[in-house]
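One structure below.
The letters A, B, C, D and E name the chains in turn, as written, and every chain counts its residues from 1.
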Amino acid sequence: MLDAANTTDTQVETLLDINNIEVIYNHVILVLKGVSLSVPKGGITALLGGNGAGKTTTLKAVSNLLHSERGEVTKGSIYYRGQKVQDLDPAELVRMGVIQVMEGRHCFEHLTVEENLLTGFYTRKGSRAEMERDLEMVYTYFPRLKERRRSQAGYTSGGEQQMVAIGRALMSRPETILLDEPSMGLAPQLVEEIFEIVRDLNEKEGVSFLLAEQNTNVALRFAHYGYILENGRVVMDGPAAELRENPDVKEFYLGMSEEGRKSFRDVRSYRRRKRWLS
Amino acid sequence: MFYREAGDFKTSYQEDSQTFPIKFDRYGFYVALAVAFLIIPLVINDYLANALLLPFLIYAIAAIGLNILTGYAGQVSLGTGGFMAVGAYAVYKLMTAFPEVSMFVHVLLAGGITAAVGVLFGLPSLRIKGFYLAVATLAAQFFLVWVFNRVPWFYNYSASGQISAPERDVMGIIITGPNAPAWAAYLFCLIFLTACALVARNLTRGSVGRTWMAIRDMDIAAEIIGVDPLKAKLTAFAVSSFFIGISGALFFALYLGAVEVGEAFGIQKSFLVLFMVIIGGLGSIFGSFAGAAFLVLLPVVLKVFGADWLGWPTDIVAHLQLVIVGALITMFLILEPHGLAQLWRVAKEKLRLWPFPY
Amino acid sequence: MLDASQDGYITEDGRRIGGVVMEMKNITLRFGGVVAIKDISFDIREGEIRAIIGPNGAGKSSMLNVISGFYVPQEGEIWFRGERRPPMKPYEVARQGIARTFQNIALFEGMSVLDNVMTGRLTHMKSGLFQQALWKGKAEEEEVANREVVEHIIDFLEIQHIRKTPVARLPYGLKKRVELARALAAEPKLLLLDEPMAGMNVEEKEDMSRFILDVNDEFGTTIALIEHDMGVVMDLSDRVVVMDYGKKIGDGTPDEVRNNQEVIDAYLGVSHD
Amino acid sequence: DLVFPSLSYRTGPFAAGGIPFADGYADYFTMLNERDGGIGGVPVRVIECETGYNTEKGVECYEATKNEGSLLYQPLSTGITYQLIPKVTADGIPLHTMGYGRTSAAYGKVFKWVFNYPANYWNGASGAINHILELNDGDIAGKKITLLYHNSAYGKEPIRTLEELSKKHGFELSLLPVDSPGQEQKSQWLQIRRDRPDYVLFWGWGVMNQVAIQEAANIRFPMENFIGIWWSGAEPDVLPAGEGAHGYKALTFTATGDDFPVFDDIKKYVIDAGKAAGNGDKLGTVQYNRAVYAAMLAAEAVRKAQEIHGVADINAAQMRDGMEALVITKERMAELGMEGFGPTFEVSCENHGGPGLVGVSQWDAKAQKWNLISDFKPTDGEVIGALIEEDAMAYAKEHNIELRDCN
Amino acid sequence: MPEQLIFSIEVFLNGLMAGVLYSLVALGFVLIYKASGIFNYAQGVMALFAAMTLVGIMDGQVPFSHLINATFGTDVHHFGWQLPALLSILLTAGVMVLLAWAVHHFVMRHLVGQEPIILFMATIGLAYFLEGFADLMWGSEIKTLDVGLPQGLNETIDEVTYNIFGYGFFIDNLDIVATVIAALLVVALVLFSQYTKHGRAMRAVADDHQAALSVGINLDFIWVMVWSVAGFVALVAGIIWGAKSGVQFSLSLIALKALPVLMLGGFTSIPGAIVGGLIIGVGEKLFEFWVGPLVGGATENWFAYVLALIFLVFRPQGLFGEKIIERV
């Protein structure tokens, strides 16, 4: 839908705009130290960074799920379509078209796969027929789920649960999906599969994505634009293609050295970690 | 900076695992001990002892006991009242059967007997978990109370089924019965409390404590890395019941002096002690003290304030007291679900950072 | 296939791999109607790094659970160090010298890093309840002695700075490392790792790989590992078992497996190199 | 002033009985203050302390009030009584447990500071049996009598006497405990249906009373064969069962109704003056009246003490002497505006329990009032006396108490 | 037919009826537990509060009159009206919704995501509060509740069984009414939770708060709804128990009767609450009837718990509870 090249184009409408936010957990733990980023309409924006960099926290700050974890946005602002969304509750955001797929899948274990999907329809006013139609739509993207529609989600495999989580989000007919680590714990071919579906959704349904990923390799292959987060700060950003070529990114996030990918066996001594900021 | 731990270096692992690794805390502890053992006995009177201090000391022992089971080993129990009853009846039988033996021995034995009973009722914990276990311990609660009410042997065939504590002494100093001086009863309980707290602290900082916490935090993983769940849970039940038995024995013999089992050791008691543990802080020995102090003091303070100072009718005060205690409890849980102990920890953390936030 | 003679083989980088430590024979595991493992046999040799791969739901974790005694297979035999293992409780298995990490981190969230790692030493601590209650004699000595071992591991995994931090507050990657530390603290003969690198970035994976190799090198620990990152699997492991839908579809050196068409179809999608 | 702590319970499971009693107790003293300026010119001060019928709170109340110059405790709970007996003995403050508490406390040689006149639970048990004997012309051999009781110290008190009496009179006694609070009594009443006892004796308190009477009505147990102790025979117990409760009997040691001059005074000086302790609507009900009676006995003991010691503002020890010398005559009752309200009796050094005269009252559902159907009659002193002595001596032995010399 | 058998049948039937009453209380627990993982100990006190409010409204009592009189020296007690039962019940239901909202807004909302035991303790705190509050509001005297439910021996059953067995069975009319009401309530609740959008959302919330939030389920709404429904169930329980034993403090203790029922049936199962109630009702009555006299009686308090305990040893999640998914 959107070309990686013209993400910088100012023509494109900005959906989500995060300005210099600070997030504190439990009144004492400062996690985000001023993060700014924006998500254009129709794009796949990747949020990259190591463990604990603050990716999940950023997504939760947007979807307003921080509260239930005793977290708080203490500075900065978040706009969606020009509207300030910090004080809305998550349900209102879903109604505005922003939905989060949480890290670690979070299915409703005791509900069946289909019931899980139907919960995604909760905020919609639509009719029964519409609901059936959307359900079919999800099943066409994830045929595997159709086979397992009657089984309890708690007993499905990791990949299937990831599909349920994404499918459930689709049921709300979102404009933007905040996708948190979809590849975690999935087998390589499933990772490809899920990302293909993400691309499909982006291209065919016009869904915008803000994608948090560890798996930089895959993420940069599918995203249009990327931000790299470290220690609660954005340390680098740029179109995905450019990031892929950046030597630092190559070394630290893609595991490549000048001679191409090097073996994990050959990393003989722990490298002094190089940090842009810390 | 008022509270410091920086610059307080340890040079050996012994030092690092001691009870109060931080100097400031250690001195605080010595001061508290000195006040408790040397100063309070001089100023104590009947009211202080019977309305505040004895219940505080005794409940603190029970709270430590329950905290071991619930806070450290993660097994929620609502059977505390029943186990206290075991301690009370055990000490009663011992006191009346062997009047010449020292009360120290009786109370310890009562703890031991309770531990055995505790282990018995702890057996289902192998299969039953979480809330189901909590409710299952109620079976112990109700069954034990019924047994003590039902079997005349336990109350020495007295007409009413009540038991009352005869006068007994420790090295010539009377500590039970109405003629026991307040300071003697107080010191007797204090010694037990101090010993219990130290034992609890020793157990929880070593490998036994770690098996308990491992079971609490994730029992499956604990078993897979080598914790025998049977042993871990049963030792927790045993140690916990041992303390609770001691507290039950003291509760009967030193504090109330006469006891009717359903009334004194009913389900309300189980809740009360659980409250102390939770308000104080699960998994914290200091919390057990704080929780016991809070819940012993609060009603008395409210009553003195409402009825004696404001002169309100007693029923309104009693109702208001329920309202306030209920509200305070929920408020506490909302403000700090991890209890007074956590509040204290956070305060220390803030002090340590002060004046630089974050 | 490698020469799987009775007394092992020499790897490409010159490590000596010994005889069979653990052998699974015809294991079948069912949950109600679901067959999680179907008649699988394979072995693990002394000192080797053995990978288990396969699509999600293939039964890999279940296999580790069988090895660590958490699941009891309906059929099959388990041979450990030349003896057939009778049915055992998980903690008995742990005491035989098998330690592991978990797919979804299973740390004790309420405890500090140090205490978590110390729990790994439980199988080595013997002092009784009474000694501990009084904190006298054996209890204290033991605590100190084991603490030294643990500190060594903490140094080794570079987690000194978070020693006293409650694990609940740690970021994911560090948690994984603490879990490894806990498993290492047991000084196991066989170490089972379930997706040790899931959710890590390359840099962290490199570190983790380093640790795993060093454990293997320094302590001679035999390692069985489940991992989805093919780069890691191919680089680290000596031999690989591939599972799909509970069945074994491949077993051999990384190169053999990587070129096995069935494995490519079921798991890799494209051939990785 | 003269301090009377009132350990009351206006909350908790037994508030229904606790409230009217606390009201009556306080109102009588208020009336004395208003009308006579106190007793012997010294004003009375009532300190109310809420126990909720809970023993721990009872102890706390006792400790909190005992240094206020308290003259007398009436905890209105057998449970609290047991805690207080040793304490008052040590502190030298008298305890009056009127119609409840430890029965053997009547043995003054052992229980110097405890009084339970004018009647106790064993008198109650015997009184009930006497009533049944009367109904059956003195022969109840082979009759089945069931005791339905609150499963606590209180409910268990009569068992010992009933066992003795069943030996003596040859009736068959069966025991049916009900656990506190006693809202569920279905099984017990089904058992009664099966066993068809001739009489059911009843020791209940709180909600248990009401439920028992309702259940008895439900299974159509003949109400006139259902006899409760005095704590199980008040208006809130019978009213809910409506017509069904008609004919239910309860023992009593006080008269019923508000047809006594003393109540006019209370109305005039207290309730109409807006000085009532409660709503003022309990006057004339069974428990209120009984509390007035208790307060009256206390006031009389004060007078006696003032007389003996020649001081107006007496202390607790003097109060005790007054209680031990208490004489309630017909004339005195009439002077107090309570003629025939309770039995006449004398207290002595040996006997702290009074004569144990017990009457029977019956509920008239149509008129919604209790009627006294049998006068205050003596009970089986022979059996009871022996039991009391036995139990008291056992207590004395267990607690190393030396018998007082009463001569 | 042998007499003993007939007695047993009678006890059995009465046990069933008693069981239904337990179930009614247990239902309220299940609802809240299912939707929020909160083990609501206050359910019993809610029944007390509901019943007291109902009586208060019916009799036109001035709320907080005692407090008002004590502070202002006034002497108000009654408005002097007597409202019809049905209207009063509706008004009380309204009050219960208000209560649900308040409980959620002031307490539970702030505790989202805490451990179950913390939530449990919070509800005990709530129980204390509510008990004191109810007493302040309506006074702690015992009150009679009469909304016109029939009570006492059912003549028809008595007669019919007399003709068949030569012994008339005793079945309380009130129990029959309670059974019918409970049955209706259960059917309605099951339909609601399985087949409606909000029912599904409720179950989703039970599984995972965060995820429910993330799909846009308004937790506040769901919880207020659930507490309201539980409040309504409490009202029904309060009416029936209140008619049986008067409206007074001990009503709150019926919570303790519901706990073993829950254990047995499983905390999350509506049918479980019913079946658990029946098993316990019958079990404890038969046990008390036949074994009670041999061991001295008053066994009902513990029998239910011990029975439940034995069941749990074999089925740790209760009869109908959702299987505990244990994986590593």
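Note that in this section a residue touches a chain if its C-beta (ideal position, glycine included) is under 8 Å from a C-beta of that chain, and two chains touch if they have at least 3 such contacts.
In UniProt terms the chains read A = Branched-chain amino acid transport system ATP-binding protein; B = Amino acid/amide ABC transporter membrane protein 2, HAAT family; C = Amino acid/amide ABC transporter ATP-binding protein 1, HAAT family; E = Branched-chain amino acid transport system permease protein.
Source: prediction; values computed, not measured.
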Chain-contact steps, minimal, separating chain D from chain C: 2
Most remote chain, CA-based centroid, reference being chain C: D
Averaged-CA centre spacing for the pair chain D and chain A, given as whole angstrom: 76
Chain centre separation in whole Å, for chain C relative to chain A (CA means): 31
Distance from chain E to chain D - Cα centre to Cα centre, in angstrom: 36
Approximate Å spacing (C-alpha centroids) for the pair chain A, chain E: 45
Multi-partner residues of chain B (each touching 2 or more other chains): 146, 149, 220-221, 224, 313, 315, 318-319, 322
Junction residues of chain C - those touching two or more other chains: 70, 102-104, 106
Touching two or more other chains - residues of chain E: 135, 140, 296, 298, 301, 328
Residue ranges of chain B touching chain E (in the complex, touch as defined): 70, 76, 124, 127-132, 134-136, 138-139, 141-143, 145-146, 149-150, 220-221, 224, 267, 271, 274-275, 278, 282, 312-313, 315-316, 318-330, 333-334, 337
Parts of chain A lying in touch with chain E, wherever the complex brings them together: 63, 65, 68-69, 89-91, 93-95, 99-102, 106-111, 115-116, 118-123, 154-155, 165, 168-169, 172
Chain A-facing residues of chain E, complex: 112-113, 197, 200-201, 203-204, 206-218, 220, 322, 325
Touch list for chain B against partner chain D, complex: 46-47, 50-51, 55, 96, 146, 149, 158-162, 164, 166-167, 177-179, 255-260, 262-264, 300, 303-304, 307, 313-315, 317-319, 322
Complex contacts: residues of chain A adjacent to chain C: 29, 48-52, 104, 155-160, 181, 184-192, 214-217, 252-255, 261, 263-265, 267-271, 273
